[in-house]
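The two complexes that follow have chain A in common; it is paired with chain B in the first and with chain C in the second.
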Partner chain A sequence: MPMTSLISVKMSLFVTHGKVFVWDTDDVMKLREDYRIVGNLVGSLPRAPRQNIQLGLPLQLAPDEVTLLLEKGFCELLESVKLSSQIDDDRLKQFTDMRQTSYQQQIPLFIGERRKEINQHRHKIIEGKKAKRQKLKQDGEHDENDEHDSIEEREDDFNIDDIAIPSIKPEQAIVQLFTESPWKSRMTSIHKEWQYPESDSDKLRYAVFKDLWEKKYYLTSGTKFGGDFLVYPGDPALFHSFYIAVCIPHHDKLTALEIVTLGRLGATVRKTVILCSICDNEVYYTSLQWTGIT
Partner chain B sequence: MAVYPELRDHPKYIEAISWCPENEDQVMMAIQVFLDLCEVRGWFDVRTHHCREMNLVFLSGRSTNKSPTELILPTDIYSQISPADMKKYFSAIKLENIETNCLTLAVYNVDSTIVYYKMFSGLVPPENPKISEQKRRDKFENFQRSRNDLSKYIQQFTDERQTHGHS
Partner chain C sequence: MNSNIVLSGSELFKNHLTCDHSVPQKGGSKEIEFDGSWMQAKRLSSYYEERHSLLKEQRTEKLGNLVQGIWNPEKYLIEFEREMGKFWSNMGFVDHKRKWLFPEEALFLMESNMLEVTYNDIPLSIEEAYNEFMSHGINLEEYQVYCHLRRHGYLVRRHQPLATDYEVSIKLNQHVTKSRKRKRKKKEMNRNIDIVDENINHITDGVCEEGLSMPVEKQRKKNEEECDITEDDDVDDDFFVSSDKKISSKTRTSDICGFTIDNNEEFIEEGLICDKNEKNQNKSKQFNNPVETEFDSLHCDINKFCSTKTSPKSSLEQTKWDFSKIIFPNIANTDYVTVNVPLKQYLPEGIRIEESCEFNVLEHQSKYSLPRFDPVNPNDKDLHFSYADWVKTKTTVSASNWKEYKIKLKKAQQCVEKDSPADILWQGEVTPLTRPEDATSAANILSKLQVIQVFDEEILKREIPTELASSFKISFDVFLPDAKFKKTDPGKPNHRVCITRSTDDVPNLKDIHENTLKDGVPVHWAVLDNGDVAFYSFQQLNLPIDITIG
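Showing the complex of A and B:
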């Protein structure tokens, strides 16, 4: 159920090259929990970029999902204005200033971290210095006395804290990679020309998607199982899907062999294949199940 | 027991062909499915029926003595069925005392293998995996139980053979 709020703010969907993305984490969660829209994560995780087992933001939405969200008024579509090939000086200065400030702020932080590290390993460092001095004495003269040693030992404690720590160089500073355009406020504009669905097969697909969504199901792409949609009774992370939805125009002929093919597919994966068609402006469903007779 | 070398002499065929004389192929298939259900699958109370609306023969029967009656529609692998046709079948093929949204499609192949798939009007969720597991276990247990007496029968057989000799 959508959360009630005093001000209902429409979530932003961003169009890039005809594909629609959600970049905000809270929006992704809200779409899933409140509106039963699952989408597909297609981005690289910033902290684990060299793998594609777990993908991160942005969430890409299927055209059916976008049309539904727009129709129900939950979201608005935004498109970024084309980047000009010339970088203006003002923007360049802002960028370099930002980098410089960040670097300056990092210097004392790095020094602090380094000092902590040194304190943690102070014993090892002191021992190391002693051993080094011993070695030098053995190699050089042999007239030391105990007093001399103890003075030096006391001096070691001071030395630890006085060890000079150099500042990091600019090329060692951490640089922020933005997962959202920092120039957003200057670039986005409302996009009004979302055309899906246009063709008859798309219209059929969307009608089935909408009808099943209104029946409180969760829907994802059915390509893995040779159908149009996979239909879940609850969140796909918690449930297996019940149905493989196959959209067919109401008067399109299927051979009995094709029906057996679909039935077999469903039986092997413990799902029911549903044939969805539009009859008299309503969606008509036929379910196929294996009888279990061998 | 009467034997019918020609299926066309089988009384059930003769009865069915009188209902739809022009539809010889479908009637022949229907009788083959009838025989399959009766003799091979061991179904109970299998009957042939005439669907006047669509001029074809369909069947009814029960898979076990305690199951509800099901309706079976014989068809061949090349026949073309659209969702609109399915809707027509669901409304035309029915029996007076049976309330069901299920039709079993019996797909008859040229080499006489028959494949059965259930079609339902509307959304019907798959069976709960726990229930299918239970069914499978029950079936296995029944099978085991029927084999309990096997060794006794083998002994009986060998004893009889010995006492009656090899005359």
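Showing the complex of A and C:
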């Protein structure tokens, strides 16, 4: 079941050089499940960074999506502050402490692992030791009696459990490479003015986006299909899109060639092309259907 | 610190131990209709759960496996000391004995869990790196394309203009690479990194510098410090003659542009390092007078030769040739030509010549001259001339001035026309492009009709783009993954990439042609759409000309 949030804490969107990213995993999930905002994952996946099939955080949002989220009040827009050149002693201390405690915590865990491994292979180890001593005996002198041997054998059992396992060195500790910045709660952020949409074509685009979103559709970018948006009845991961939305100013002239292009395109990919325009603050949708004359 | 994302020691340990490296498969059939059924809801929720657990995973790695780098905000580069890992062979560069990585390279390595970049001793998170690195020289879009290609496995470098064919044929590129390395060897007192600036300028200028000309203005007078030979640089040490301050005995002659230059004091390079043994010697030399680095520019750029400080005159005075004694014979308007015997010292050994040689010009010409153009001669059929076939059938008229020529030509043409039944066509103002006598073959007629020449590769190569006036600049050179890739001499890239946004204009044909630099490497246009990358490329196509053998 999709998560419903009763808490009205706003999600944070971060602006980096004009592009908007979401870094928090829960926020990313919430955007998709609750708010039908799809976005694009653009980072390398931590568990398999050298492939392009599945990417990881951060999620990049389109300008239309950002404006919508801000308008509806679901998110706030932040801009991160540049790293200062002054050494923040407090932060440094926190960090080194964290690493140190993490290292200390890991030492017994490593030792535990090692011991487990040894116990798993104890038979092999004992056999190996015996064989070694046999070899030494044969090479060495023969004045040891059997009694001595049995004592040694009993000592073997002790030795297995008492094998000294050295602590791991600091370099062998596992550390975390942060994707999301861990200092955010203390970082001062600036709320930035978001300027999109500005031009007429952008405004048209945004109005169409918003209208379709309010009709409960999922929307993604349509450039791969020659349009502005792809319109899905449900989550894009599970459903095919129905419509290719092309935004055209209401009074623009369309040539016959353009209509044929769009019609053909829609027919080939089995989606309906809808021409979206605004007249008197209302969005009009015109669909194209490619038929023959029978 | 945000405790939500910081993993404790035990969590880290468990995480790393049980890390599953499989990628969830994408695919499977999609639903056709949204019907709000329980099945669909179940499918959706399981998809969301899987996604959540996948995205929630943190990056963990053994501390010893990570290379440590230091972020330098002034130069926008990452420096690191120990090199480990397999990436050094195809990423980064060395400058002043320090190893540097470009920001996009470093960020990619961070995302691949191989590098940790610290600033003020605290490692940067990827979010912080995104904010910091993407300002100078590389922007987010370029980084996304870089990442995309690297994840596929390609080797991607920033775009470097290559040597043109001419420069390769005169082996200029070898000289320049060496002098580039020489320049790197000279260190400044205050560690100003010029090469780094030049690299950055290369990219941000957006101007493709043809050839390997080093702008002389960018060279500054440098003082000597230590030399900078590392094992990575393949420096051919024997190439340079070592010289010290009081050079005069060791002269350097080099032939450039036919001039012979003896070493003036101004040309002398001070403290050039020959081999590593002399490294220590040179270390102690703290030169007060600045090194004249103009000599570098001579090697680098023939065009700039004439504008060097020393006038050619003074160098000519010191040439080995004495032109007052060398006589060129006069071979015009005489029947007999006398040539003096050249001085014996200039002749190769074992050649003997008589006292003076006399040539009969006409005899000589008839023996050695090329066959003249004879339009009527049928022997010409098998020869390939550079002019088109139909030129042969032109009427040749001899006249002594233009007016006479035109009159005679017209008359000659009229004579020809009278014979043909199609001569009515030439009576009006608009005349046909071809004549009946041009119909020697179909190819012939077609070549005569080609008023507009077909654009092909040859024409493209002839044009020299002085400056990429188009707004599209090439960002990256892409190489196929190759174990033998050497980053100091990568060779010709397999592809080049130019980056645009989906909201930008489509490049016009002029841009497309200009962008394909002369060496025929295909240029791919990466179109970005909020994180989605798609590649498009344009190919030159020559339509075949249909010629039926006629």
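We adopt the following convention: the second predicted complex is superposed on the first by the 273 of 294 C-alpha atoms of A that agree within 3 Å, B and C clash if a C-alpha of one lies under 4 Å from a C-alpha of the other, contacts with A are read in each partner's own complex, and residues count from 1 in each chain.
Methods note: a contact is a pair of C-beta atoms (placed from the backbone, for glycine too) under 8 Å apart; a residue touches a chain by one contact, two chains touch by 3 or more.
The shown structure was predicted, so the numbers you read here are calculated from the model rather than taken from an experiment.
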item: Clash or fit, chain B versus chain C on superposed chain A; value: fit
item: Between chain B and chain C, more extensive residue contact with chain A; value: C
item: Where the C-alpha centre of chain A sits as vertex, the angle toward chain B and chain C in the overlay (nearest 10 degrees); value: 80
item: Partner chain(s) touched by A:V175 [first = chain B, second = chain C, both, neither]; value: second
item: Which of chain B and chain C A:K116 touches, first, second, both or neither; value: neither
item: Partner chain in contact with A:K124 - chain B first, chain C second, else both or neither; value: neither
item: Which of chain B and chain C A:L254 touches, first, second, both or neither; value: first
item: First, second, both or neither for A:V42, with chain B first and chain C second; value: second
item: Overlay on shared chain A, then closest C-alpha pair between chain B and chain C (Å); value: 8
item: Common interface residues of chain A - those touching chain B in one complex and chain C in the other; value: 233
item: Chain A - residues contacting chain B, complex; value: 215, 233, 242-243, 248, 250-257, 259-260, 263, 266, 270-272, 274-275, 277, 279, 284-291, 293
item: Parts of chain A lying in touch with chain C, wherever the complex brings them together; value: 1-2, 14, 16-19, 21, 23, 25, 28-29, 32-33, 40-54, 56-58, 60-62, 80, 82-83, 85-88, 91-92, 94-95, 98, 101-106, 109-110, 113, 169-186, 221, 223-224, 233-235, 237-240
item: Chain A partner contacts - residues on chain B that touch it in the complex; value: 41, 63, 75-87, 104-105, 107, 115-126, 129
item: Of all residues in chain C, those that touch chain A in their complex; value: 1-2, 5-10, 12-13, 15-17, 19-24, 26, 30-34, 40-41, 43-45, 47-48, 51-52, 54-64, 66, 73, 108, 110-113, 116, 119-128, 130-132, 134-135, 139-140, 144, 147-148, 150-153, 502, 527, 529-532, 534
